[in-house]
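Sending over a structure as structure tokens; questions will come in a sec.
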């Protein structure tokens, strides 16, 4: 299986480099008959797009997605869907130093070691720009979920940026789309703005924690041992550029808990089983419980900063390097729509897998 | 691909339930000509085996592995290796309540919902016993690594149990195998023993954090986008029972760092590039740098405790449940050899994948 | 994916060598709740078993299958099913010459070249004995088909052995199980018996053509381009030892036909579309039409014969070799139940795949 | 894994419909550093392109391939290669009848049954036009083979068209590229031309047999049981539109042979083992012997003919249908470059797989 692919039934293979002519995603296994056009995907790309605020890089690209196959007269045909986004911002410029130097914190050196030959322009394949293709694929997944599992909602938001964390008592999902940080707390926006402005002025960057909340996921998605729902969600998040950790439910904090605290007790509610808590984050034994699925991941600070860093070049010379250009001071912000897209793909894939194995039937209780 | 499998070239499919006649692993893609017999695998199983100390469950099983195929006259033949471990401790006993009840924190309820029909004895497929098969497969991976990449060492150890954390200034790898906790700090053992004894007496359990250190991994293993080395390591760890979070390098702490702190600077050393720090945990852009690979994961507290918990049964009746039997008060301890095994499989798989794509050649520097 | 596996959802990995302690199949992706025990599988193994007539090898093995996992209280649990068959006929004997020599027509030389080290006893992994594991897996597939698509029947039979071909005007499916040749024509049995007896006395062997007829297969199974139903059926048959050709519908004869003859015309019948002929063999564009699926494959003559053949050994010495022991004079006979088993696995796999992508819904006509 | 993909390491996923904006192939797993540009691929597309002679359809398309990713400064980077071919001949026309009717012999009815909704224009995904994407991917495989296994040559040619077969005594590989039939026999061209002209005038079409000869393939490619080289080659050929049978070596004729005739005897030659014949077609036990690999496949007659055929439409009405337009009277001709491309992909994939498992080392003889 392609190392640039994910999914078992609903498979996504992304392709393309930051400064090549285009990038995109090849999506296979999509159910037929689903309403889909560019208009259903574009809003997700627009959310991810840089250059929208001072909080993200100023690279200006329309990121217009085109569907080249798999859709006919506004509905999917069940054949592969090719999604393409042209790279319009391919200014011919001098890549002199960057072509030879290895930017610290970037994949430049590992790509060079592994492949010998790499597209160094803008980071090539390792650029965060690749995530646009994932967001487009996520748009397809969302369109399918809308028809097969209408009740599923997937919401990403920031819960930490550097030293700042959200106040969960003020959590308001309505606010998330109203500010530049995907922050579920309107009152915090001014502080976050000041903080990030200060970091940028210091020619520095900062890390972040993003949380993804999946609501309405039916119970029974996942598999016992390796194709676990949490394994696949963790892999999906970890595969996003700059992600260094993934948590499900209590996450790292579970290490500090007691069994009496952590295991979610169960009672009968009016519509079936009800859990009295959700330390598990909606997944038990790799299979969804029907509760909210809650996951978080940490994004490292942007490695491209204007402060000079020590490194070497291909010739083995020691140099000091400044990564010019306007880069996101907190790349975690743009990871929010990417994480939502990945989660949508994983949930849909497991929904289809479950349909294959069990026909979607559920064991009865009561 | 089987949802009970992992790996792309070196593939492992585990099978078996806690109280069935046997469990095991089907290993394919193993290079031929590698020295292998049961004696090379058994020590890893012995390390994982419960019943060895008061710190783990008292279930007594020899966990003797048998190789049924793929090895001839002490060397692998390149054909599938079948590893089997008989379940000798299948005491016929009354599963009355457990057959009907859903133990909180366990997969009982999700298996029931998904499959309708499940082997409830000892948790069936969701039992930690399944990890014995992984450890056996890891023994094969280690035997191959010994021939293909002799310098690779993989060491797991506990760094946290409940409120206790290790003092890294006293880190001594020699100590890890000398105590019941896989603790790299001899001085801490008495405290950890007291702590866990107290928790057990309180009929409770506690979570843990395990760290895995991979040394000697060559640079260039991994792939850009989805088949990343960190993605695969994270998935491998997350697929272990009770794991709720995975960190690479700085992990969650990366969120709090600045770009000036986090990006590992590079200088030339006597043998090529040298990184001045290792915040990345040995992986950049999904590809190994040649530094130590460092990952951690959190294990939730054992859900099987003697304290009564509220739950329901298949009939939808609300009940209070005590999980009888002697269970690990900290299941994280036994996760150590499992994590090592999974890491060995992932590293070998990527070594073989890299051999396929690049022939193992590396880009030159200097 | 394991090179010893087949299937996408219902996956089968076979393992084991001819003279190792055991061989078997690891089956994953099986739907839960399906009635299954050894008794449901054993009859298929009994059909394949050698030593039953003078027409097949006299190796006497009970070929008793054991289910080690994935089944609980007589029904599948949805977790991996491990099927094991012990090799009881492992007589310790002198493999002196065969250990060094490469039997012409056998995989001895290619295994040696590829793997360097091989289990030469009885052909090791390349022995037709491996097909017992496939037949066992096919027994599981049949049990599932019985519940999910009761109307599907899969019937294999011989249509050619050396110079003899069946007279289709006397085709009687009832006869297939009543003779040693899986012949659908009782009147032909004496001739076939005489013919094969003569070939054996001449210390020779002969090839065969087997036909598989799949009736009751619903329309809509398959996929457009590479995961075609005919591609997967062809691969399944070609993967059986000694198979050298596969035909669907008209097969090779299609080359001689005109478009006016070959394209199956369609009319409306009482229950929907009806094809006026079946040159296509039940598959159009890789997807089942709902007609009978008809495929054939050629099996080469057994390479193990008592007539001396020229060959070499590992030392590069030219030798003459007689393959001692009692071998099938026509290995094609035993390929019949193997082909049925493979067909059952492929049909089930595509049924589950279709359920994943389309939910089993069909486009309407009329 | 995507059902529109093939390959394990060198993976190809094709996408696109006959009359959509574009079609193409996503190629992953390509080794880095290989010289590649559009110019290396275009000649293969030009060979496949229709409209070049009276012997193939007159649809006129330049079929210009564009590389959108994975290649930088004329060499592959090891990241996914996106190959795109625009559909320039998308004349807006009335698809009135064809939109509703099911053309006999075509996938129209099976696509409708499976997907409910299909792109009927020109057959959509089931059009032979999809094979252009395979040919482009084959061009990449050839470029890699040129660097990794320079001695490998892959040559396809026609050996039968309807009632005409080639005279192997006049076989001349040089002639293949000199005529419109890929015929290795110049003297036969006039007869073949007359024959096909007559068939076209009769508003009919005819089937064909194509042979593919792979020379210089190293021994040791393949795998024992399911990932056999012949299995994968057979699947690759069977996946081509309109193919109804595949033969390796003796193929169907093996059924008529005796063991004394069929098993290829071995002697020592100056450079190692030499086979005295090649009934096996270069593959034993699923693994290449180092001999020529010889395979053949039958292509059914084009289903689109000007003679009216009985069929039905979506409304369930019985109609008579003429497939207008200029279609290939023998679609087998254009299958030649497609088969070569598929063979190149399979050989490369197994070369890389072998490198993964054995490191390319071979067992010694003598």
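Labels for the chains are A, B, C and D, by order of writing; each one numbers its residues from 1.
We adopt the following convention: contacts are C-beta pairs under 8 Å (C-beta built on N, C-alpha and C of every residue); 3 or more make two chains touch, one makes a residue touch a chain.
Heads up on the chains, UniProt names are A, B, C, D = Chorismate synthase.
In this text, all values refer to a predicted model and were calculated from it rather than measured experimentally.
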Between A-D and C-D, the pair joined by more C-beta contacts: C-D
Centroid comparison with chain D (C-alpha atoms), farthest chain: B
Gap in Å, rounded to a whole number, between the CA centres of chain D and chain C: 26
Centroid spacing, where centroids are CA-atom means, of chain B and chain D in whole angstrom: 45
Mean-CA-position distance for chain D and chain A (Å): 38
Sequence positions of chain C contacting 2 or more other chains: 1-5, 8, 14, 29, 32, 78-79, 114-117, 125, 224-225, 353, 358
Complex contacts: residues of chain A adjacent to chain B: 1-6, 8, 14, 102-107, 109-117, 125-126, 130, 160-163, 199, 204-209, 219-228, 230-232, 234-235, 238-239, 241, 244-268, 272-273, 276, 279-281, 283-290, 298-305, 307, 309-312, 314-318, 332, 353-354, 358, 361-366
Contact set on chain D toward chain A in their complex: 1-5, 8, 11, 13-17, 20-24, 26, 28-29, 32-33, 66, 68-70, 72-73, 75-82, 84, 114-119, 124-125
Contact footprint of chain B on chain D as seen in their complex: 1, 9, 29-32, 78-79, 224-225, 352-353, 355-359
